[in-house]
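Chains: A, B, C and D, in written order; residue numbering restarts at 1 for each.
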Amino acid sequence: MPSPLILVNLKSYKEGMGNRAHQITTAAQLIAKESGVTIGIAPTYIDLHPLCHHFTVPIFAQHVDGYEPGAHTGHITADSLRLTGAVGSLVNHSERRLTLADIEGAVRALQAQKLVAVVCTNNEMTSAAAAALAPEYVAIEPPELIGSGVSVSKANPEIIRRSVSLVHAVNPKTKVLTGAGIQTGECVKIAVDLGTDGVLLASSVVKAQDPGAVLRDLVSKL
Amino acid sequence: MPSPLILVNLKSYKEGMGNRAHQITTAAQLIAKESGVTIGIAPTYIDLHPLCHHFTVPIFAQHVDGYEPGAHTGHITADSLRLTGAVGSLVNHSERRLTLADIEGAVRALQAQKLVAVVCTNNEMTSAAAAALAPEYVAIEPPELIGSGVSVSKANPEIIRRSVSLVHAVNPKTKVLTGAGIQTGECVKIAVDLGTDGVLLASSVVKAQDPGAVLRDLVSKL
Amino acid sequence: MPSPLILVNLKSYKEGMGNRAHQITTAAQLIAKESGVTIGIAPTYIDLHPLCHHFTVPIFAQHVDGYEPGAHTGHITADSLRLTGAVGSLVNHSERRLTLADIEGAVRALQAQKLVAVVCTNNEMTSAAAAALAPEYVAIEPPELIGSGVSVSKANPEIIRRSVSLVHAVNPKTKVLTGAGIQTGECVKIAVDLGTDGVLLASSVVKAQDPGAVLRDLVSKL
Amino acid sequence: MPSPLILVNLKSYKEGMGNRAHQITTAAQLIAKESGVTIGIAPTYIDLHPLCHHFTVPIFAQHVDGYEPGAHTGHITADSLRLTGAVGSLVNHSERRLTLADIEGAVRALQAQKLVAVVCTNNEMTSAAAAALAPEYVAIEPPELIGSGVSVSKANPEIIRRSVSLVHAVNPKTKVLTGAGIQTGECVKIAVDLGTDGVLLASSVVKAQDPGAVLRDLVSKL
């Protein structure tokens, strides 16, 4: 996946479902084309199918279980993601934590289907641990920045820099996303300057009155 | 929902996804119309959207989280189910167990959206407990029958009879489904004769070479 | 167990471990004897053994797993509780939630060892559900009162009254404890007047400078 | 902790509780003294207190939660382990899996109390991930060997060798234990020859008619 990546997590926000999911993805597709920056969308499970069928921007699941197809009620397999046209999945988001064994299983299951794994982590040590599982991306979400409205540029950015360094020491091929504290194009620029390959963000796009305007700002300093 | 109900759980079976989900639901719709028996389908999350848009038989989710819309990555809300046209959801399936507090939260969230809750349980006591939460259905899956290929008629049927009695003592309005040991129309008839309002089944339909033939047999003794 | 019961949960408070656990239990034993009121103590797992060996007041575990003895690393069985001299266990505390199937398993495992089950719940519906499992006690912890410092007498006490009524409709033998909002003897009196058989409380005793004085106040209006 | 380490997990076996825990630990202490080999014991939570007080061999918990002391009912803190005299804890045993964030939290909590962390893992990738968290030990339990009665010498030993190599590439200071497939002194010798610093085992000692004889055999080839 070309860098940098702007990955928008629609969570279960009312403002990110159904028609709104289509509107945000429409804006993302337009701005990605205009700017040449890769913008991915991670909608609810239910919107995966329609978004994959109507858009060309990369669509991610918000979670995947590392199971083979079979007797797994209420779970979501990598196999079903590939079938529907998704390009990958978040794994171990702070709102959907997994055991270490299950994270590894999910990364392996995604890779067996040629899908991209984005493993979310909460600090430097867990970022290094995630890198040892060889996912394409590790997304660091420092708890003190999640949903705080505090920009990563104003918080201590050292946690990002050190995480990049630890991740690359363990696995030079794993890319890092800044996973919290992103509101503006200035934040994205800082994230890239700190050595990360993009950002994972949610509310600042999804809950915006004009998500397209926010997306246009996010790519403006790249 | 009119009784009896034949509810087919497609789980994460390869034979129950994508095109196969459409084929099984097409057969279900035809046989429901022919026979007058209600046949519901519970596909993977990803197939919820296309099945709800292409079919009129009742479509259920396999699991739902009792959350309001919001910052819940990798979860599925009752609100999103209603938006997509599902009629209800399984809750607490043996392959997706929940805490008691979360079962209650899911049942409340479904009912707030006018959706049908089918709470799965493993024995008589937990069936009675589930009934106290006032869901529309309790589906009893005796562990010794799950995926066993053993017909409920050959196993001791007393657990079903006693569960019906305990459920109705706690909540006379809650209907009961026989949730394991169903292969044939004879099994469905026995389930109904034992006092249940239908069946919840999976592999005998989903993994059949001709799911339509199995469905036609299932409704044949009603 | 004679009513009313004052059950003190020492949680993992620093002020409730080791020597402090001994001091609190010493005070409880003295005041129980003076007042004739039953006072139980639920210490950390580690303090179960010494407290059971040094005191005669009823000692409860804070959690139990419904397993038979066997290959269960990091779990705690009813069998081991009986062996050490505990009289019962909390089950499904709000800080240690269990699946419905596991709550039922834990209640059955405790009763097979002649131990007392105290199942914690969060509202009226889950209290009724817990009662269907036939534990000796259901302890209602309304989330809005937990650790709030708000007395149950000042909050709306109707949730307690309605829970008692629902619990007894399902199972007349199950006793109810008021599980949050208890600071003083006045609160205990209100709890009993609302129809409950006692109280489950924690910080107001454990974190008190003089736990004995608090305990003496708690039993003073009975 | 001096190498090699023989760490005996008593699990929740009936044959490893109460008096039997004392007998096994008595034998361990004697044989450790005779042979100069370090033998550790991981009893149930309830036996931690009496074993720590009666014996000098290192006593480990089977699980620890990475919490500070506080409102954590039914959990076990590193602080309480230190208080009782334990030297460390298993973390993330295959029978008590944790999220990645919680494994990291438990390792940090143990180290803050100067206690030894033994993180259990299921394959090479998760072993490398665990090493990134900098615990003193990683114990590899290949699922195909757990409780199988198959000796690691007869199974493919390459998984152990590759895990040691991956662990040391990530963190040269982390020691590795062979965590499954150990029955005899010959197995222990093979484990050490494969580059590990000892073994983690359970049933072959705990369920033996004469645990002392098994322990004496285990240290016999070192």
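Rule of thumb we're sticking to: contacts are C-beta pairs under 8 Å (C-beta built on N, C-alpha and C of every residue); 3 or more make two chains touch, one makes a residue touch a chain.
Just so it is clear, the structure is predicted and the values come from calculations on it, not from any experiment.
Chain centres here are C-alpha means, and the one lying farthest from subunit D is B.
At the interface between subunit A and subunit D, over half of the residue numbers involved are used by both copies, so each side presents largely the same positions.
Averaged C-alpha coordinates put the centre of subunit A at 37 Å from the centre of subunit D. Computed centre separation for the pair subunit A/subunit C is 43 angstrom, with centres defined by C-alpha atoms.
Here the spacing of subunit A and subunit B, counted between their Cα centres, is 34 Å. For subunit D, the set of residues that touch two or more other chains is empty.
Two chains count as a pair here when they touch; such pairs are A-B, A-D, B-C, C-D. If you check the complex, the residues on subunit C that touch subunit D are 9, 11-14, 17-18, 42, 44-50, 61-63, 67, 69-77, 79-81, 83-84, 90, 93-96, 147, 202-203. Per the touch definition, subunit C reaches subunit B in the complex via residues 92, 97-104, 108, 121-123, 125-126, 128-134, 166, 170.
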